[in-house]
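For reference, the structures are reproduced in the following blocks.
Here chain A shows up in two complexes: once beside chain B, once beside chain C.
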Partner chain A sequence: MAATEEVLTLQAEVAQREEELSSLKRRLAAALLAEQESERLVPVSPLPPKAALSRDEILRYSRQLVLPELGVQGQLRLATASVLVVGCGGLGCPLAQYLAAAGVGRLGLVDYDVVEVSNLARQVLHGEALAGQAKVFSAAATLRRLNSAVECVPYAQALTPPTALDLVGRYDVVADCSDNVPTRYLVNDACVLTGRPLVSASALRFEGQLTVYHYGGGPCYRCVFPQPPPAETVTSCADGGVLGVVTGVLGCLQALEVLKIAAGLGPSYSGSLLLFDALGGHFRCIRLRRRRPDCAACGERPTVTDLQDYESFCGSSATDKCRSLQLLKPEERISVVDYKRLLDSGSPHVLLDVRPPVEVDLCRLPHSLHIPLKHLERRNAESLKLLGEAIREGKQGTQEGVSLPIYVICKLGNDSQKAVKILQSWTDLDSLTVRDVVGGLMAWAAKIDGTFPRY
Partner chain B sequence: MAAPLSVQVEFGGGAELLFDGVKKHQVTLPGQEEPWDIRNLLVWIKKNLLKERPELFIRGDSVRPGILVLINDADWELLVSTSGDSPPSTTPLTALEAGWGQAAPGRQDGSPLLPPFLLEVLGPQCLQQLALGK
Partner chain C sequence: MVPQCQVEVLYFAKSAKITGIRSETISVPQEIKALQLWNEIETQHSGLTDVRNQVIFAVPQEYVKLGDQLLLLQSGDEIAIIPPTPPPPVSGG
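Let's turn to the complex of A and B:
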């Protein structure tokens, strides 16, 4: 009896503590949000010059201090240097981590985004507990634990033309760890206009690139890419995939270039581009063009004399979030809710999943037929046969003369619209109605089946 | 009459996706009246190697914005012609040399490009990214 009583008492106490804990968590979230508001563009004063290292600093940085190339003078320069990190994701996390560990004086952290679970495989400063919080606060908290002497200044906002010049001008070196083309042009122009060196890296799939712009008479980003690429030709990490180690390698190399600039050693990649192929195991360095005398930003008669509207210049938005295509009329589409109703009613139809095989391996609706969009685009014979069979089979359940509907699904509802357009163009299918499922499988996971995997 | 020319063509930075995902191609350009230069080499690649969406590879008679072309490890903008006034893109490959300039210590201007030629086409993932969801 006594044991049961103890169990009950403990259970009550645990319940009470849990209630206290969740109340604390709510207060923390509110406090973080308030902090976010108050930390909008905090003014930062220049770092004071530093004459000598303390005993603790000598011990802490001893392994790098005994490198004659760095030495005390290099470490003192690091301690008075400030670095602006644009983007606290796959590149920004390892970069900021190594810069903080090495004793850089001040790190400005810019990111408008919040931590998501799908970030954790590569954005190594963020932990499970901080999902949903602003990335800059999560990063700053981790960096302060790592090195309390480094001043971290979080900016929980996107870098925008009205604020970029002011912000970039307060820092000595800029690291572009962003993930979209408009931000790359914005950061470049701000660096050229304020005379700051820019260390730039990118990573996608198994490949990464690194270079230094606008340093010592070398080219800027606009010298190499005077025109933005067509928006539809660029891929995001969400779409193309990326391996965390690859962003880690590139972020570390980027940190190395920043450190060498900040310590006065000079960078290695001004005017050249490092290409890393993680799958083949190759590092290569190629020579980039020199600074262009006719460059719009850093040329002899620049036309970029102030920051512009970079989203309209690039025809794309300054996030790596997915855009929604609108290729079809509303009557050519069906919502996941209506599709679920139709499925439950047992109405004959074909559900066609057009995602690439690697994504179908992750998750699928069991009754779907899988034909990748690429096969439809090329009228792959094998796939046409499969589709023909599925349609014949489906038609057995329908009355004579009634058309069999085909519903096309993909991850988010863009590729499925392209597939509907292709199927509609096939005249031999004209007895069929083809629609796509709005929002794709991610809408299915959000609205119909909470156990369906998201990715 | 230009003799057949062996060239290694490589695609990266996403450009390989227009070529069935194949990165390395060892090709032999047939002998023809005109000597092989960068411009007609790009046209040959479009006709013979490109698998989809040519508008994402070529615009006018050059590559579209966002693509970098390299020959033997150098940005093609660094190449200079040794045969008079013709621009590098219409200069025979064998009459090109790398104008390295001061940016490359230890490398001198005027080192001619010699076979074997390695032509690389790097897509816009080179330091650029953006999204169009699936």
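Let's turn to the complex of A and C:
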């Protein structure tokens, strides 16, 4: 027993050191790349007008040049156009790739984040070797390999109110490829205040949306969505899945709208919203409302005359990967370290895993009982029976009068708190103590068992 | 009595998660005010209250305000409920 424990402890320690080492290596690689990038000159001047295409350019862009709608004039416009890409993730990667390939003059790339292995299934400009490096540097390096004539300007930072107006004002067209609500409003307001067209796309699960805001008298994002969603409804847990090719389709459609604006053809989705349903294979188009005369940003008497604090306006963060809820008191929670100790002591309890089945299929603690949060919310009879049985079984190991603790676990420790609240509200369980495991299974993987899968 | 018609309600993004379905056919009066139509749907799916101020309500294929506007519906019309979808953060739970 003692020997097994030692083996486990050593394995965990080795895994932790290995993780530390690879993290250091990634930071070193990122620092090296950042050093090279800082030596590059960040252009601020407008692109000079271009009078003619070179022989090489004619060959390179020949397939699109012979399209009468584009032609030489359209290509020359592309070559002198600049596009700001906000977000170099699932949408920004394919978008920037096609814009660079098509010969757009300058691409500004904004993203504060670094490349992670879990990005690679959809963020197609980043390669395995660049994990840990800033996404904008990784994207810029790939784009330069693709088309060395395109000027790529990486901004390895979040778009923020103090910098957004200046940055947006330096570009002709803006593509919102961001993944959070505060940035959507920030980009919109910056585009309205600087008079830039905004091509906006998003993708989630098997769905995508695309529209062009603030173009030719059409509505802006605030005209369509004047109020941000309540913060608690965007605290997503377990619903962040997306199929890479869906973001790819949307990013490409977004690139198409950007190209049409930049080349002078005009967009197709100003004032209308394209909905893509990848499971059903449907494209639908919805006519949006007109510009709102009382819009806070683009209306007749706008109240948004400067950029605001969008994180407090939306009640959510622009940079947190997942907002941590604080629904429970500290004494209603347990750390993974303390839970491990309790588990090793053999103390009777029930570990309740409330993740959706699809996540439990990925990984689970073998002794856990699985009841999805959704079933608890709906008081699913079958699930209640399972829980009752587990409690009865667990109680056989406890002394009379001693309550059986239930520990609730999920991926990161938000849904588990919601589940504790639900279980606490059930009066028939009042002889039980219910706690949740802080940080969930990802904390378990980070601190207790380095071999446990992360996702 | 206004005759009824069968319309298809499509739920996108967050609204599909709330209702647990992506579409359904419902029976509603052929003439109905936009707000009443929304309320009919919300009665069936109370969770939609959370998103009512943040959705595009499109009847058929066109944005309508949740107000007194009288809608003339036909069987087979599509009604779409579209919340904004900045994808929620990929890690979660």
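Going forward, the second predicted complex is superposed on the first by the 407 of 455 C-alpha atoms of A that agree within 3 Å, B and C clash if a C-alpha of one lies under 4 Å from a C-alpha of the other, contacts with A are read in each partner's own complex, and residues count from 1 in each chain.
Throughout what follows, a residue touches a chain if its C-beta (ideal position, glycine included) is under 8 Å from a C-beta of that chain, and two chains touch if they have at least 3 such contacts.
Computed from a prediction, not measured in an experiment: that's the story for all the values here.
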- Three-chain arrangement built on chain A, chain B and chain C clash or fit: clash
- Task: Figure out whether A:S324 sits in contact with chain B (first) or chain C (second), or with both, or with neither.
- Result: first
- State whether A:S118 touches chain B only (first), chain C only (second), both chains, or neither. second
- Message: On the A-aligned overlay, A:P228 touches which partner chain: chain B = first, chain C = second, or both, or neither?
- Response: both
- Message: If we overlay the two complexes on their shared chain A, which of chain B and chain C does A:I286 touch? Say first, second, both or neither.
- Response: both
- Query: Of the partners chain B and chain C, which touch A:N414 in the superposed model: first, second, both, neither?
  - Reply: both
- Using the superposition on chain A described above, determine whether A:G218 touches chain B (first), chain C (second), both, or neither. first
- So which bits of chain A does chain B touch that chain C touches too? 179-181, 184, 202, 204, 207, 209, 224-225, 227-230, 233-234, 236-240, 273, 275, 277, 284-289, 320-322, 355, 359, 410-412, 414-415, 440
- Task: Write out the stretch or stretches of chain A touching chain B in their complex.
- Result: 179-181, 184, 200-202, 204, 207, 209, 211, 218, 221, 224-240, 270-273, 275, 277, 284-290, 314, 316-317, 319-325, 355, 359, 377, 410-412, 414-415, 440
- Item | chain A residues within the chain C interface of the complex | 90, 118, 178-181, 183-184, 202-204, 207-209, 224-225, 227-230, 233-234, 236-242, 273, 275, 277, 279-280, 284-289, 320-322, 355, 359, 410-415, 440, 442
- Query: Across the complex, what residues on chain C touch chain A?
  - Reply: 10, 12-14, 16-17, 22, 50-51, 53-54, 56, 58, 61-63, 65, 78, 80, 82-93
- Note on the structure: Listed in rising order, the residues of chain B that touch chain A in the complex are 12-14, 52, 56, 64-68, 70, 73-75, 77-78, 98, 100-101, 103-104, 107, 120, 122-134
